[in-house]
Amino acid sequence: MTDAAPSKFRFLMVRHFTLPEHVHERFGMNDRAPKEAMLMNYQHLAPLLEDVDWDFHPGPMATHGDGDGYPETREELAIVGSNRLPVVREACESGRYNAIILLGGVDPGFWEAREIAQPYGVAVTANAFAQMHVACMLGARFSVLDISEGQSVKMVDLIRLYGFADRCASIRVVDYPLPRKPFDYGRSTLEERRGFARGKPSAMLEEAVREAIACIEEDGAESIILGCSGCYWLQDPLQKRLKEMGWDIPVLEGYRAAIEVAKLMVNLGVGASGIAFPPPLPRRWRRIKTF
Amino acid sequence: MTDAAPSKFRFLMVRHFTLPEHVHERFGMNDRAPKEAMLMNYQHLAPLLEDVDWDFHPGPMATHGDGDGYPETREELAIVGSNRLPVVREACESGRYNAIILLGGVDPGFWEAREIAQPYGVAVTANAFAQMHVACMLGARFSVLDISEGQSVKMVDLIRLYGFADRCASIRVVDYPLPRKPFDYGRSTLEERRGFARGKPSAMLEEAVREAIACIEEDGAESIILGCSGCYWLQDPLQKRLKEMGWDIPVLEGYRAAIEVAKLMVNLGVGASGIAFPPPLPRRWRRIKTF
Amino acid sequence: MTDAAPSKFRFLMVRHFTLPEHVHERFGMNDRAPKEAMLMNYQHLAPLLEDVDWDFHPGPMATHGDGDGYPETREELAIVGSNRLPVVREACESGRYNAIILLGGVDPGFWEAREIAQPYGVAVTANAFAQMHVACMLGARFSVLDISEGQSVKMVDLIRLYGFADRCASIRVVDYPLPRKPFDYGRSTLEERRGFARGKPSAMLEEAVREAIACIEEDGAESIILGCSGCYWLQDPLQKRLKEMGWDIPVLEGYRAAIEVAKLMVNLGVGASGIAFPPPLPRRWRRIKTF
Amino acid sequence: MTDAAPSKFRFLMVRHFTLPEHVHERFGMNDRAPKEAMLMNYQHLAPLLEDVDWDFHPGPMATHGDGDGYPETREELAIVGSNRLPVVREACESGRYNAIILLGGVDPGFWEAREIAQPYGVAVTANAFAQMHVACMLGARFSVLDISEGQSVKMVDLIRLYGFADRCASIRVVDYPLPRKPFDYGRSTLEERRGFARGKPSAMLEEAVREAIACIEEDGAESIILGCSGCYWLQDPLQKRLKEMGWDIPVLEGYRAAIEVAKLMVNLGVGASGIAFPPPLPRRWRRIKTF
Amino acid sequence: MTDAAPSKFRFLMVRHFTLPEHVHERFGMNDRAPKEAMLMNYQHLAPLLEDVDWDFHPGPMATHGDGDGYPETREELAIVGSNRLPVVREACESGRYNAIILLGGVDPGFWEAREIAQPYGVAVTANAFAQMHVACMLGARFSVLDISEGQSVKMVDLIRLYGFADRCASIRVVDYPLPRKPFDYGRSTLEERRGFARGKPSAMLEEAVREAIACIEEDGAESIILGCSGCYWLQDPLQKRLKEMGWDIPVLEGYRAAIEVAKLMVNLGVGASGIAFPPPLPRRWRRIKTF
Amino acid sequence: MTDAAPSKFRFLMVRHFTLPEHVHERFGMNDRAPKEAMLMNYQHLAPLLEDVDWDFHPGPMATHGDGDGYPETREELAIVGSNRLPVVREACESGRYNAIILLGGVDPGFWEAREIAQPYGVAVTANAFAQMHVACMLGARFSVLDISEGQSVKMVDLIRLYGFADRCASIRVVDYPLPRKPFDYGRSTLEERRGFARGKPSAMLEEAVREAIACIEEDGAESIILGCSGCYWLQDPLQKRLKEMGWDIPVLEGYRAAIEVAKLMVNLGVGASGIAFPPPLPRRWRRIKTF
């Protein structure tokens, strides 16, 4: 972003939660870093953020579970989602942003955040939501590659809520969860990511390739999305591996999709339908709703 | 319940929230009353509770909105839902109950509560969920009569999440919300209920009759459910009025449906599928999920 | 049932057909036995029937096929179903029952029986119907384990008629039909049941376990129902075996589900919608019907 | 049919039931008439039957209801359907026919008859089934014009069973039932037909026109079928009236559609899939069935 | 067709395209042959054409691709389809035909041709369209056996357009395309057909058998259709092989289905709904359209 | 676009067709104007094109109909679509563009153009396609406001092909077609647009408002799209009028949506799935396709 002119894009990126500083290392966090360092996958995002004025919010302090690990259950995700709503409201009221991008897997608090932001004319996007919409532009059906059973059953709920059941060919899980107590699971997305960054071969990547092939050949996927934002690093090697095999299939990733959908919304002057997300006791209401 | 033998049904009824005592009168609450008085519609429930040992929990203190009114928005309902989860967990851990019945419109926290209760073998039911399942036993499609735009858009979300979109003929709204700040809306479910109890004619009932007829004649409803538990008192006169006209259609009500579905679950030894509601990091997980 | 007070549940259990006495042994029947002995699986049902006044009707004399074997084809099942309707009508007219439970696989005559009973305010339930409704309460989709090709194609018809096509993950068949002429098929549900009761290992159970795993892992089942009431004995060992493997999935069984759905209906004062099951030349009718 | 060469089409037309001779006049029957007179609407069928060798079977003696009127309820239609199956079996065994056409509204016994005929290589068609398939060839969705509430709820069942729910825009009812005890209904398809044949204006036709317009303008019908074969006489004037208004929509009629679908099947050497309609205990069976 | 009387069926068969004469041998064409020789599969069609007066049109000269090969891509198929429309219009204007049968895989130009022919009262049919409709008469779902990736993705588009997505169990591809530049693909439907005609074993047939079994056992097909008219010769041996294995499943073929659907339409006096295929600026139009 | 740096967006806008110059005035065309003047609605597009390098192609010379009017029928639209494909191919081969935006109602040639552009990595968007995808981001279902019967039946085809049938609440038509021979229709989008630009009241706008209200109140639309790009001028006043009434519903317009979807695709490096739009005889192909 050059200083010359204010960007038309003024975005707030909001992580789903933060944790006490003494455990940051364990969970791959660092809230004292510059915003670019806090934003996972910044190297790939930088070109997309060039024309964006953006801030980063590390998310509210976790109150789910023992406050010591990534949320995995519907309960934990509901709590994480509710906790984030005051951040959204405050950002809307500040008048500083025309879009809010909710980071974090399975979009905690996204549906409620859209409702909050609607009267302010602020667009809200989130990783799974944005990827699904982009995926459907590219082919008839998409598959989700996900990292754990817990996230994937929540993804099932989201797909129903968002209305994508007919468009989802499958959700396939490679079992590498994010770290949480008691930290003895033995398979970890975070460890795989760190290893991959150091150039080590990744069993998780191999499983992702195998499952992605099944998505294409057996399930009917015409594009692939990543369920967990923490596995953004799979996008490039996965796409490349599939391409080498002869499968020219788009592999999407959450942050980029969420940023671009936000830009589209801002440029078109839309965010969410005021019919679908009405204010409390609206002036006008629909006598009948159907499906 | 006679003292002679313990019932096989040990239920906890949990209201969605409570408010500070000084506003109880305004919202039709009284947390110092005997449980029978706190349970709305007790006169109709009493026969169903005869063989049940039950407790009543008034719900957690409200933190949504200004803490001063019924929840209406998705945001408020999410907060109310999250607040209720510790009550559910504690009830499960206590070992005192084999079913928990979540009271309150549009089932706040129900999906998460089922997940919490699943490993304890405790069944959880809720008003909208139970009515929809019973309604589908009686005919192909049901309509929902609802009281406000806010509750009805949340009901749309629920119907998607529960998988009833093909079974829902319509949601029709009669615009009589529950009381909330600034209390100047002019149309109120609570006032209508109080008036009706005193024998006054109810405009809300008349509108409900008119909309119910439209549900049958235009939308294809074969049974009718009430979206808000606070309009339980409509059930009897509505059913009677429709019957007199020649429409022999079942009109359901939330508390009764939730109690009976809970009994069915307890007697069959089921609550929720451990596949649909898995524990965190489960021993066994599904590599593929489809719709 | 203690003598002290009449139960609120007055049920008639109706078997789908009977056969001449000289072949009872071959088909596992005995119409002179006490009702408890005639009711398959009584040991598991007894707790559910404690608060029920119930009678058992052995069903009309078979006229399908050569009158010598279990019905397997759509033709035979239609005849068996039609034959049972006079029993239903008579039971309704007697005023002695508030629910009728139709026993026998793939619910012969159920849809017509509901229509007959509707004006009497008598609830009617049946094995497949009740299981499907309960299964959907527990998870998004269920699978059916069935015993023969014939029963399973009829089950397909039922699932369409009942509106469960979107909820049925799969029907899987283990090929162990019920006995019928010429009795040389070599694989028999009845023989497997008898062997299992004597403690012999059952190949049918092993196949059922294998197929149930496929239902979960490949087809997306979140609960399992048994297509044929004659394989009720699979329910316990199947559930146990799956649980031991780590699959905490509900396995339902027809009689229990049908009894509990009947209780729910009686307690809620419902049976079938008079809109879906109208009397002949009804006073009020719908000008339009849609799907 | 000239005598010169045997036709490739050898059809048996089977009415759904007959009644004792003394009531034939009341119900518009005459079983002693030549086959051409027994076949309703012969004047329109004659050109289609020119190349067909055909017989007419008046149907089995009625056992439904009091044996004194047209079947209207699901119970009566099930009985009528079961009664007709021996006629079908005998016709198949005779080897005289390559197709059987089941006459009568809502196709009583059709599904079972297909199963019976499948191994003989005899095609079976019926009025509603044939019309629906033809209607879908002409446009995306069809509407059904039906004559009574009873027939139309059975039509709903058929549409589900046949898999046409997505293709049916609506069923619209003009309330002119067929005669049945106690004969005091005041509105009668039979009387309307007789009046129309004598050149009298028909209120039933006027209502059919009005409802057909609604099917097109409101419901999305692109073709129209007649639910009851007894209102065949509506086809011509209805089509003409709609055409005059500017609606160029096909209006089908049951007998003609059933005859032509039968010819198509005979010429293509098909009747029903042996997979969908298997024999009892088939040599080969499917381990899994899905929807 | 005897000379004695004009047939009621006057059909024009239109191939999708022709090529310059010097390449006819390579592509299995010969536009100077008698019409019977130009019509592939005439030996099987002859009995169906006995009562038909028919002409053959070799199709417009190809302009797609380099004009040197069979169309494979959506682009090529769109061009081939547009090119054929003047032939259709001219045939309609000539008044010589009451039906036009569009030959060639994936129905190029069919939807537009129906629109052209509608006001003339001329029926138009095509291979895929006709087979799908017939297949659905025989069982609930059909599978398509197709010869190349290109044709099969176009088939996916057709199935969506025609509204058969719920009825299509699967499309399975055996990779034997039709000849096109640069003629080095190594697998060829045309070569397989020629070899098979000379009595050589066909690897393509073996793969078709294997895939057809998968359609039945895994995908739920109850009938099978052939995607490409050029593989008509598979129909007989495939049906026979499946029958020998115990799978009594109908295998359809395009030309025969298209001829018989055309006859049905002509006899019933229908072709396409004037609502679905309106003329430009029609006198009457629909204010609302729904799905 | 400042000269300083090349934009990352290099777009070609392609109109669907052009006409001989002597009729340009009649059809509102002028191919000698600067590109900004040729691009309808430029004033609203200018802000979105600020960061885009773009060219305008007036489209191929019309060959449909008599070459004298806007395409209205499926035939004309197919011809227009095929004609445009060489323009697309040439643009891709030129290497000058990273996106092509197909202008003109109901997206002529879009599906084929995507296939052509896929191997070049060039994104292709079109008006209806882009609007539908954006509309679904904003609410569950959208309605289309369209200008003529012909365009709207083609829109029905598109919605099926694109897979939006479940997402489309309705298509509503206000009958103001584009000009075509014989120019005597009396109602014209073009005249309405010209009048509106001169400040005259527009009957077309009034009808659009009325129909849009019906879309919301009766059909369930949560966003609205404009079927014909020629009625872009309705977007602002329609949105404003609805907003004033209390309906806060997004009204989209084709060019803006198509531009922004193109930007999103370019920034994410995607265009169309190579699985959904494969090249001819691809290296890798899918053995099975499902829906």
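Order as written gives the chain letters A, B, C, D, E and F; numbering starts at 1 within each chain.
Operating definition for what follows: a residue touches a chain if its C-beta (ideal position, glycine included) is under 8 Å from a C-beta of that chain, and two chains touch if they have at least 3 such contacts.
For clarity, every value in this text was computed on a predicted model and none was experimentally measured.
Colleague: Expressed in steps between touching chains, what is the minimal separation of chain A and chain C?
Modeller: 2
Colleague: Common contacts of chain D and chain F?
Modeller: Common contact partners of chain D and chain F, which must touch each of the two, are E.
Colleague: Hop distance check: chain A to chain D, minimum number of steps through touching chains?
Modeller: 3
Colleague: So which chain is farthest from chain F, going by the mean of the CA atoms in each chain?
Modeller: Chain centre farthest from chain F's centre: C.
Colleague: At the interface of chain D with chain E, does the proportion of residue numbers present on both copies reach over half, so same, or stay under half, so different?
Modeller: Copies use mostly the same positions to touch.
Colleague: Report, in whole Å, the distance between the mean C-alpha point of chain B and the mean C-alpha point of chain D.
Modeller: Centre separation, chain B to chain D: 46 Å.
Colleague: Let me have the rounded angstrom distance from the C-alpha centre of chain A over to the C-alpha centre of chain F, please.
Modeller: One centre to the other, that is 30 Å.
Colleague: So how far apart, in whole Å, are chain C and chain F when each is placed at the average of its C-alpha atoms?
Modeller: The computed centroid separation for chain C versus chain F comes out at 56 Å.
Colleague: At which residue positions does chain A touch at least two other chains?
Modeller: Counting only residues that touch two or more other chains, chain A contributes 140, 156, 163, 166, 276, 278, 282, 286-291.
Colleague: Have a look at which chains touch which and call the overall pattern line, ring, star, complete or other.
Modeller: ring
Colleague: For chain D, which residues count as touching chain C in their complex?
Modeller: By the definition above, chain D touches chain C via 72-76, 78-79, 81-82, 85, 109, 111-112, 115-116, 148-150, 152-153, 156-157, 159-161, 163, 165-166, 168-173, 175, 177, 180, 185, 211, 214, 219, 276-282, 285-291.
Colleague: Can you list the residues on chain C that touch chain B in the complex?
Modeller: Touching chain B: residues 47-48, 51, 118, 133-134, 136-140, 163, 166-167, 216-218, 220-223, 245-250, 252, 256-257, 260-261, 263-265, 267-268, 270-276, 278, 282-284, 286-291 of chain C.
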